[in-house]
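Listed below are the structures to be examined.
In the two assemblies presented below, subunit A is common to both, partnered first by subunit B and then by subunit C.
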Partner chain A sequence: MTEPILRITDVVKHFPVRRGIIFKREIGRVQAVDGVSIDVRKGETVGIVGESGCGKSTLARCIARLHDVTSGTIEFMGRDITNLTRNEMRPIRRDMQMVFQDPYASLNPRLRVGQIIGEPLVIHGRGTEAEIKARVQDLLDRVGLNPEHYNRFPHEFSGGQRQRIGIARALALEPKLIVCDEPVSALDVSVQAQILNLLTDLQRDFDLTYVFIAHDLDVVRHVSDRVYVMYLGKIVEAGTGAEIYGHPRHPYAASLLSAVPVPDPVLARSKQRIVLQGDVPSPLNPPSGCRFHPRCPRAQVLCSSDEPQATSFGGEHLASCHFPVARWPLADPADIRRPDPAATVE
Partner chain B sequence: MAAEPAISAAGGTARALAATRRTLSLIWSSRRGRIGLSILVVFTLAALLSPVLAPEDPTRDFGSEILAPPSSDHLLGTDGNGADVLSGVLIGARVSMAVGFAAAIISGVIGAFVGVVSGYYGGWIDRTLTAIDDWFLVIPFLPFAIVVATALGRVADDWPGGRVTLLIIVIGMLSWAGTSRLVRSQVLSLKERQFVERAKALGASPGWIVRKHILPNVMPLVFANTVLIVSATILAESTLAFVGLGDPLRPSWGTMLEKANDSGAVATGAWWFFLPPGIGIVLVVLGFTLVGYAIEEIVNPRLRERRG
Partner chain C sequence: MALLEVRDLRTTFRTDDGLVTAIDGVSFSLEKGQVLGIVGESGSGKSVTSLSIMGLLPRGSAATSGQVLLDGRDLLTLGEEEMRKIRGQEIAMIFQDPMTSLNPVYTVGWQLIEAVRLHQDVSQTAATKRARDMLAAVGIPNPDERLRQYPHEFSGGMRQRVMIAMALANDPKLLIADEPTTALDVTTQAQILELIRRLRTDFDSAIVMITHDLGVVAEICDDVLVMYGGRVAEQGGVDDIFARPRHPYTWGLMGSMPSRSHGMDRLQSIPGSPPSLLRPPPGCRFSPRCPYVMDICRGDPPPPLRQVEDDPHFHVEACHLDAASKREEAARLLAAQEIVR
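Let's turn to the complex of A and B:
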């Protein structure tokens, strides 16, 4: 097994909520990320899926050190970068870049495309004006844009083209790792496919490693070698794409997968779905025990008191659940219900 | 294709010129902007050319006829000293507008600097600057300006530009608080934008982010606001000059109004003495206000939509 290029161990990110004008006292903490461990190996794509507000983007920002973590460690290329200062981080940022979700907000409207893509090169002092220009035009060509568009402003481009600009910019310093935070969520489906294919091609050509964050299960399956499912700041299930999509063990992962529409009407009719009630609970005051228990159709008393530990299901497949889903696809309602209806949590 | 506007200085100047031309044509496209710009062009030309245009030196050439009504010798009559009012108005335009401009630029620079620093860096820096800002917002302008201008009047006589320089500094220092408040709020919103976060992810220093990402996005706002502030600073100069704090060697419109009042022009109905400088002030203030609103409409797209 290759050495991980990025190793995140027990990362916790809490945002304190303060009140008071002069003497601010802490009245609570938003537990956005709460003890997440992830390994990313060189050359692979690791997908992180979860609902809005589950802490995916916070995790991405912690990896890129845009947030300081509350506790835990982040190791990148064998070096602990958890507590590096901004200046110490600078050389490391060459090897770790980010692609952001919103292709409209992430490009400064007052800069030209050439300046936007060339910015990392200028910041890191790579080459003369002419060299930077040549490099930028090469990058534009590489991501499928016309190098002649060097002098245009972002508003002259479509959403997909803007995301290509964002990708070109992330590639400028020839990074080893790119953290993609919902890179295609803001795009049309047809454009999504183009961008995903571009990312795959670039991965092959430049030997890139991706951390790919998204809420769209199909998108993640399409690009990822391994997948982590997040719920309310915790990883609930992890494994290769085939393992998780083939047989999800955690009821949360199963509910997400059962909600994916099936294009075959006959199959769709016989399909059992786990329909979750309510919303994701507040990360300010997360549920005790297993964080999923208030919404889980299989929850029992144990789930509200004891936090489940990650259990192996063979290979790399891990899930944190006291009562994992036994059968997949779900064939009848009994597959969904709690194993012992007598032991109700109420 | 223009050569490397990304970095080269020549490209920068060419771009600035193009931007100025674009802004001017945008201002011209609204009716307000057209009226305002026309007024300002006329008065600016008059002020710039006043040494050539003015028939006499209003601070030296005193004729024998005082408070004489308009005639072929003196198109706008004479003042209480027998000097030519038309010359006074032309020279006065220069002083009034120079003070207005310079003070507004000082206020714009201080306001932008304080606003950006306070908004971007936050924390105790922000709290300190906001407190200073609050102080400048609440002190009553006129008494404070009168006190400072009086106290430093003698000292300022030896400065280049004399008391006019003093007025510029006093007015400029007292009118930046609103601008900095405006800029600060804009910066607070800008610094949370994704392109700023992205620049941080690239390893950019705070100085780089402020220069490349924050300033270019607040400058149009500062510009619009500064143009509006010129009206206020011109009025402030007139007020201070009217209460006797102007420079007697460099008379502005306010100084003329003061003299008109002192020489009893209002009581005797010598309208040619007090009306021209008064109308000058009103028109120039109107011009700057109209142009300021026109720029604000360009800068703030929400106002543009409202216009339809």
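Let's turn to the complex of A and C:
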């Protein structure tokens, strides 16, 4: 097995909440990411999936060092980058780039497309003006845009085309790793498919590694080799796509999967759904024990007091649950509440 | 007679750059207890269709023609005063963004009670009771306490429930939901879809569901209208459309979905992007992106809506490709797709 290109160990990111005008005192902490460990191997795509507020974007920003972490370590290509300064990070950023969600907000409207894509090349002193221009036109062509559009402004492009510009910018320095934070969620279905295909092609051609963050389970399943499911700042389940989607063990992952609409009316009618009650609790004051227990259909007394540790289900499949889902797919909606006969309930 | 009958609806906007025909000949009918899905990408005209039915477009710059018959009465001929009585009472609408649809400076209870008293001659106490009951009916816990809270104290899913409660407060005959779950997480979306399913069975409401997600359509709709560039591409029963899609755009939409492309390396995407309605392509609006395009597709008039021959039900599509090729292509494409459960 190849060495991980990125290793995140026990990363915690808390945002302090302060109140007061002159003497600001801390009144709480938003526990956005709370002890997350992830390995990313060279050439693979790792998907991180979860609902809004689960901390997945904060995690992406921690990886790219756009946030300083509260504790934990981030190792990239064998080097600990957790506490590097801005200047020390600069050479690292050549190898690690980011693609953002909103193709409207992530491109400077005053710059021409050529300048936007060429900026990383200028910052890192890659070649003369003419060389950079040639490289940018090459990149435009590579992401499926017309190289003659070099002098246009972002507003002249559609959402999908803008996302292509963002991808070209990320590719400019020939990075090893690209962190994609919801790269297709703002796009129409047909355009989303184009961008997903483009990312697949680029990965093959440039030997890229992706960390792919999204809320859409189908998109994550399509692109990812391995998937991590996050809930309230913690990883609740991890494994290959086939392992997690084939038989989710954590009741949260199972509920998520059962909630995704099936694009076929016949299958949709026969499907068993787990409809979760209530909303995601506030990360300012997360529940004790297992963070999912107030909404969990399988919760027992134990779940509110003891935090479950990650248990292996064979292969790469890990889930943190005291009472994992025994049967999948559900034959009956009540199945989710039936305790696993193998597990002993106190 | 159908509850809602829309005939040849056309809406044109006057803009600085010229006339934009946002919808061009949409017809459908809807019975009680039925859910019609209008599906399409941005700019396909699906939201303009709903706003035209509601009479919510600015009268100065938008011109609507055709007929919108609600219980036989043509809404397009009514004045603003009469429409105001119909909106909220006979037709209600819920929007994509529940935050901007609620007034942040009034309590949720105040807004619900206002909605009730605008249309019903009842006392404050009776209206409050009605508001409370509606909150409970849409599954909001502690409705008495919730009535006194402001919209910012509600989560996104709860706000959408409030919007649904408000829409249902006067027992409308027709509910128009414009992307009601797009801004929500999947577990919340499942809750709201469950609620809409219940509305249809418990209240026998007729629902127009506007969405870009074929998954949502498959889950709750009876009939589907696939729109592209302001025109109807394909229309029919949900089972017919999914089992025997006959328009290349519908094929493209289905092939673009990762959930229908299990185990495939690449998705069958549609090249290019949706057309500008300011200068729409002549002939079939899908022709610039269509892999099956022929010379006839690029010239006027656009392909007419035709009944799909091998379907016993109402199923129409607008495409010049011959029926046999379409049958073969659809079967080939569907056979290649494996649906994720």
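Methods note: the second predicted complex is superposed on the first by the 332 of 346 C-alpha atoms of A that agree within 3 Å, B and C clash if a C-alpha of one lies under 4 Å from a C-alpha of the other, contacts with A are read in each partner's own complex, and residues count from 1 in each chain.
The rule is short, and it goes like this: a contact is a pair of C-beta atoms (placed from the backbone, for glycine too) under 8 Å apart; a residue touches a chain by one contact, two chains touch by 3 or more.
This structure is a prediction, so every number in the text was calculated from the model and none was measured.
Chemist: Clash or fit: subunit B against subunit C, after overlaying the two structures on subunit A?
Modeler: Aligned on subunit A, subunit C fits beside subunit B.
Chemist: Roughly what angle, nearest 10 degrees, sits at the C-alpha centre of subunit A between those of subunit B and subunit C?
Modeler: 80
Chemist: With both complexes superposed on chain A, which partner does A:I123 reach: first (subunit B), second (subunit C), both or neither?
Modeler: A:I123: touches subunit B, not subunit C.
Chemist: Quick check on the superposed pair: does A:K133 touch subunit B, subunit C, both, or neither? Answer first, second, both or neither.
Modeler: first
Chemist: Who does A:S106 touch here: subunit B (first), subunit C (second), both, or neither?
Modeler: Only subunit B is touched by A:S106; subunit C is not.
Chemist: Mind working out whether A:S52 is in touch with subunit B, subunit C, both or neither, as first, second, both or neither?
Modeler: second
Chemist: Let me test your reading of the model: by the given contact rule, A:Q115 touches which partner, first (subunit B), second (subunit C), both or neither?
Modeler: A:Q115: touches subunit B, not subunit C.
Chemist: After the two structures are laid over each other on chain A, how near do the C-alpha atoms of subunit B and subunit C get, in Å?
Modeler: 11
Chemist: For subunit A, which residues are in contact with subunit C within the complex?
Modeler: Against subunit C, subunit A makes touches at 51-52, 158, 160-161, 188-194, 196-197, 200, 215-219, 221-222, 245, 255-256, 258-268, 271, 273, 275-277, 279-280, 329.
Chemist: Please give the residue numbers of subunit C that touch subunit A in the complex, ascending.
Modeler: Residues of subunit C touching subunit A: 41-42, 155, 157-158, 185-191, 193-194, 212-219, 238-239, 242-243, 252-261, 265-271, 273-274, 339-341.
Chemist: So in the complex, which bits of subunit B are touching subunit A?
Modeler: Result: residues 1-2, 4-8, 193-195, 197-205, 208, 212-213, 216-217 of subunit B touch subunit A.
Chemist: Report the residues of subunit A in contact with subunit B in the complex, numbered from low to high.
Modeler: Its residues touching subunit B are 61, 64, 66, 86, 89-90, 93-94, 97-98, 100-102, 105-112, 114-115, 118-120, 122-124, 129-130, 132-133, 148, 150-151, 169.
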